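Look for chain A in each of the two complexes below; its partner is chain B in the first and chain C in the second.
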Partner chain A sequence: MRLTCPHCGARDRREFTYHGPASLLDRPAPDAGEAAWNAYLHLRDNPEGESRELWYHEPCRAWAVITRDTRTHAVHGSAAP
Partner chain B sequence: MRLDGHGLIDRTSPLSFTFDGRRIDAFSGDTVASALLANGVRLVGRSFKYHRPRGIFTCGSEEPSALVTVGRGQGQEPNARATMVEAAEGLEVRSQNAWPSLRVDVMAAADLLHPFFGAGFYYKTFMWPRAFWERLYEPAIRRAAGLGRLSGVPAEDDADKAYSFCELLVIGAGPAGLMAALTAGRAGADVILADEHPRMGGRLLMEAEEVDGLSAADWAEEAVEELASLPNVRLMPRTTVTGAYDGGVYGALQRGASDTFWRITCARAILASGAIERSIAFPGNDRPGVMLAGAVRGYLHRYGVAAGREVAVFGATDDAHRTARDLTRAGVEAVMLDAREDAPAGDGFEVLTRARVTGTTGRHGIATLTVTHAGGARSLHADCLAVSGGWNPALHFTCHHNGRPRWDEALATFVPTPDAVRGLAAAGAARGDFSTHGALAGGAAAGRDALAALGRSAPEAPLPRAEDRPVRQQAFWMVEATGRKWLDLQNDVTDKDIRLSAQEAFRSVEHMKRYTTQGMAADQGKTSNVAALALLADATGRGIPATGTTTFRPPYVPVPIAAMGAGARGRGFAPERRTAADTDHRRRGAPMIEAGLWVRPSYYPAPGETTWRQSCDREVRTVRERVGVCDVSTLGKIEVQGPDAGAFLDIVYANRMSTLAEGRVRYGLMLREDGHVMDDGTCARLPGGRWIVTTTTAAAGPVMRHMDYARQCLARDLDVSLVSVTDHWTQIAVAGPLARRLLDSLGDLPLLPFMGCAETTLGGAPARLFRISFSGEEGYEIAVPARFGASLWRLAVAQAESLGGAPYGLEALNVLRLEKGFLTHAEMDGRTTAYDLGLGGMVADKDAIGVAASRRPGLVDPDRPRLVGLVPIDPAGVMTAGAHLYDRSAAATRPNGQGHVTSAGHSPTLGHALGLALLRGGPERHGEVIRLVDAMRHVETEVRVGPTCAYDPDGGRMRG
Partner chain C sequence: MGYSGFRVFWEGLTGNRGWRPVWREPEPKARYKVLVIGGGGHGLSTAYYLARNHGITDVAVLEKGWLGSGNIGRNTTIVRANYFLPGNSEFYSHSLKLWEGLEGELGYNVMHSQRGLINLFHSDGQRDAFVRRGNAMAAQGDDAVLLDREGVRGLLPYLDFEQARFPIHGGLLHPRGGTARHDAVAWGYARAADARGVDLIQNCGVTGIRVENGRVRGVETTRGPIEAESVAIVVAGRTSQVAAMAGLRVPIESHVLQAFVTEGLKPVIDHVVSFGMGHFYISQSDKGGLVFGGDLDFHPSYAQRGNLPMAEHVMEAAMTLMPVIGRAKVVRSWGGIMDMSPDGSPVIDRTDVEGLFLNCGWNYGGFKAVPASGWALAHLIATGAPHESAARFRLDRFRTGRGLMDEEGTGAQHHLH
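This part shows the complex of A and B:
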């Protein structure tokens, strides 16, 4: 499997570290309340199909939002966060 | 028998090897199998169960019978297929699974007992008495049955693994594969063409036909030359693709002087793996000399070898006639035994119609056979019986993602289901297009489809002309006659075993496989599975499509573990990181221990010291009383620069860092977003704007990733940049009452207050000086560029020794910090919070990572396990890390657990053991006596709970 790094292009999956869904970019305010923080920290979708994910490309240290199809592993997009 | 004027071997390069000590003459381009046949050797091995004589059955990787051991000692390879091993000068080839010799194998007596050894015999015969199974029966059966033996000595460590990427992977270089690669290669696509054999061309090298007016072999050679001239095409001969994995990844085993296991990732793949001929079950069909008809043709055209002098060909297809025709034209006597009523006339050879081979004779190879036919019954002399039950597409990879093949009634074979593996398309014989024209056309079409999928345009090109006879195949699996009719030649499975399986209710094809072991040998039944399931279908009355196939799984051919795990043996298992002063540590005899990927000195033995504790205690005392130096280069170092560096550090640290003045150092705590402690360390602000974040050795990588995350994902607007400089700087700790004197002996270094820092020079080299302490003594850390690291270390050790000091290792470092109650990842174990560790006050009221979550009620519950110090009531009491804590009177059971010891050791300074522990409600229990139990190491002692810092609690010594 290959993933696309915004800097380096298509690279082997083993160069990347998975972090979580791209929704982690929407970090609640410190005073957003327990429910918002609970959802942010613990609740995850498990999509079949298109998934937007945060990956770290270890060799160049770039973080990327990779749009990926969980059924086919096809990468449909990759962009800096 | 070698035939002049035939074959693609290099007759100008003769060579010889040995088989069981006998000299075998061969030519460059031969396989071991072709050379054995050329030398008239038919008996090559013994079967797994009955030790029946076995010969060469095929000319490819599907070989079930001719397994041999190649080489000896370190380079010994058991179970090599003689059909795939290239003949080489001096090669030592031995037969296997026979004793005392291949011709006189006493274990062949097992064959006489075959009525007892039918399918499932080990479930029945050896069941009683029960205890005998493990002690007697199983070892005896294992000794008797089997394959080649391992040498017992470590193998040569020369296998390799490798990775490659391409747009299009073409599997197999027969007519379909060559045409697909030409089509895609000419259009500029990035193509890898992999083929099992040393010479590409597949069946084109094994048939007497023409392509585009050239001999098929010459056309193939031209095609390969053209492909080799294309810079965008990579040719991988001797490479068997072994499996189709997720996301366009294919495994491949490349043979050569050593094996290389490849992982090839491609956008598209074309399966042009051809077809595998199937046999027919008839009595005595397992004798050496009984071979597949296509293989006999292959040996003739590819290697110039006649597999026999008098050859009978038995089959039910026009394709089988080609074997009789080609042999006849080459001057070998051949007769065609055609099972069909409407068999065509022979092209220069005799044809018996409605023929059935009903038996064979010959001790170590076939000598005669009996046949019934339309004209009666006959006995024939033959030293080779070429058999063809038709061809099965080699569709294995299309089923590796659990796809199932489809039964094609017209071809009487299974064909691939399209799109069963995403991105993989079968072409040519692998798809059921058995004619050469069909293969060329299918390959070209698959090549064009792949180009379209890759977004490339495909120029139209004329198709090479080739034979296009209609292909007729029929289901003809078995001759109805008495006698043992063999299916799986390696595991000795007969038609009777299949019927027995059905009778005993193992009617599913998966059950039949396991009950009879059909297809479970090293060849996975490539030449026999379809016939076996056809017989099962017949026995159960369900028909072939309803019976279905067993599951196809990678690898397609056996892959040596040495190739899969290449390089990962011994020290190759993980890379090793060494500090600049590594050789100096080793020269002093320091035992090196692993710390993540780093290796660090654990202690430096002095003359007369025999245990690590003696060295460690001395090193601790030296630091407390004189001065010690320690290599701390493995700590992570991250430089932070930019106008917003302070604001950025306020996001990653739980405490406030932006208020740090230039020339000062502050202890910092990083949290994960869920509120638990991630790492601790110091943060220094050098005059001039650089900030240096120090991490623990283990967390250097994760903290870098975490800070990159904060920078790129959370604080996108801040003007700040980060760089890891862990490897760039050697850092040496100097600690002890004489630390300053040591510094002054090194050079003109600035005076610093506690928690001060400066940029300076040392011996002309740039240097950084920090006044920080992990030991509780007056302490400094000096950093110089790594290329000066070894000299600084030597100088510092020499000066320390002149002051009565010494170097100290990881053990002493750990005791020193334990006496002070400083933290490591034994305490920051991923479940602890700043509150648990007594650092709750550091969490500032600001929007930093983890601050919001760290205030959740559950994380600030006073009853949580929280950090305390432990001292034994008995001064000689022992404490161990990992021991559990209980109330004094409570039983040492899980529900009574009060916490556990995170770190423990002997304090030479205080003269007794010391521990740190996470204890429920810890800080509120100071003074309490509790029980420490380590059931694993049989330690039990009473300890008093107290503060974490056991030595110099007000810190006067380190502040100086």
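This part shows the complex of A and C:
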């Protein structure tokens, strides 16, 4: 599997670390309450098909939002967060 | 239909014409008391114990493929009770006791083989952690024996004890740990559930869950709608999709886990060996293949196949631990879709929808759990109260932060497991 870094282009999967869904970028306010924090930390859409995910590209130390198909492992897009 | 040595002998002499299908293939009825979605190990054992322990036989198992087509037929078959934390500890202990009586109970040979499981350690700190785990296992009433380096060498002489990175200091032996034949577990439960009147409906994918006024009413399937009083979601890696049919969002990420098997060899590995530092474990099947695996691929996937990096990592770990394996040829590899929970421990609980139950979060360890999971879920459905062995497997522990069971001690968040 190759993934695309928005800065370095298509690279081997070994250079990347998966962190979670791209929704992790939308951090709730500190006082948003238990339900919002539970949804943010634990609950997942876990899509079968197109998935927007947060990956870390170790060589250039940049985060990337990668759009991938979880059924085929095909990469459809990549952008800086 | 009973099985015996005599029967095999007789059928052999008479052209094997007497064997019959071991379960019925009924048309789904319009209505059942309980519907179990998912015909894997956990769904089948749930149906069996509903009938066996609670006399509830108006039950159907709805399976979108064929029985045993999911992870129950894809795992590396390790059965053990070496957990550490309260919650997991009593549950897996209960499960192992059920395993020990399973063949007699089901009248089916599941080839449960208590060949012993050895977890290797490579440093003083790791030894202390395993001493502590062994004490927890003993306190739970299970068995654990601390082996020093020579003790391990006596049992596993083929390991490379002198490797520079992870020299082997010893191991924790769990004598009652071992393996079983995975498909046979599915078939055994299926046959026994069918014999007690449970309908096993194959090629029946659930496409919708009907909820009215906060109560479950039944399901839509590829073979038409079916009504029910209670519905249990027991679909492992597909939990998010099926739960979403009832409007639920669950704390699950689906990840792929790979496994590998070599050509059949003469007996060489008599135990299950776990090399945690290399994320590698291995056993030898009764057919002779060396069955081994490692860690997740570490990204969400529904592809049921893995990637090269983890395959290479597993092979490297194998060569590090036991260079003798370099002479064997790998003949197959495959992947299964794991229902990963944030703390690495499972959920057997009610949901916010009345009559709708959830069994998920088995991570990479749900095969050994098959008997106790079905036992506990059947108890919950039948009595409305959690079974004591699974009382801590609550869905709300993530929201409240109370009762998290983070066995690895890495933190109760998805990306840490």
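Heads up, the rule we're going with is that the second predicted complex is superposed on the first by the 81 of 81 C-alpha atoms of A that agree within 3 Å, B and C clash if a C-alpha of one lies under 4 Å from a C-alpha of the other, contacts with A are read in each partner's own complex, and residues count from 1 in each chain.
Following the convention adopted for this analysis, contacts are C-beta pairs under 8 Å (C-beta built on N, C-alpha and C of every residue); 3 or more make two chains touch, one makes a residue touch a chain.
Remember, it's a predicted structure, so these values are computed and weren't measured experimentally.
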Who does A:L41 touch here: chain B (first), chain C (second), both, or neither? both
By the touch definition at the top of the document, which applies to A:R2: first (chain B), second (chain C), both, or neither? first
Have a look at where A:E53 lands relative to chain B and chain C in the superposition and call it first, second, both or neither. second
Between chain B (first) and chain C (second), which, if any, makes contact with A:H76: first, second, both or neither? neither
If you stack the two complexes on chain A, which partner ends up touching A:R13: first (chain B), second (chain C), both, or neither? both
Going by the contact definition given at the top, which residues of chain A touch chain B in one complex and chain C in the other? 1, 12-13, 17, 19, 34, 41, 72-73
Tell me, which parts of chain A touch chain C in their complex? 1, 12-14, 17-20, 34-35, 38-39, 41-48, 51, 53, 70-73
Tell me, which parts of chain B touch chain A in their complex? 163, 165, 246-249, 265, 422, 673-674, 704-705, 708-709, 712-714, 716, 846-847, 851-853, 856
Contact footprint of chain A on chain C as seen in their complex: 238, 240-241, 249-254, 298-303, 307-309, 342, 398-400, 413-415
Residue ranges of chain A touching chain B (in the complex, touch as defined): 1-2, 10, 12-13, 17, 19, 24-25, 27-32, 34, 37, 41, 54, 56, 58, 61-63, 72-73, 80-81
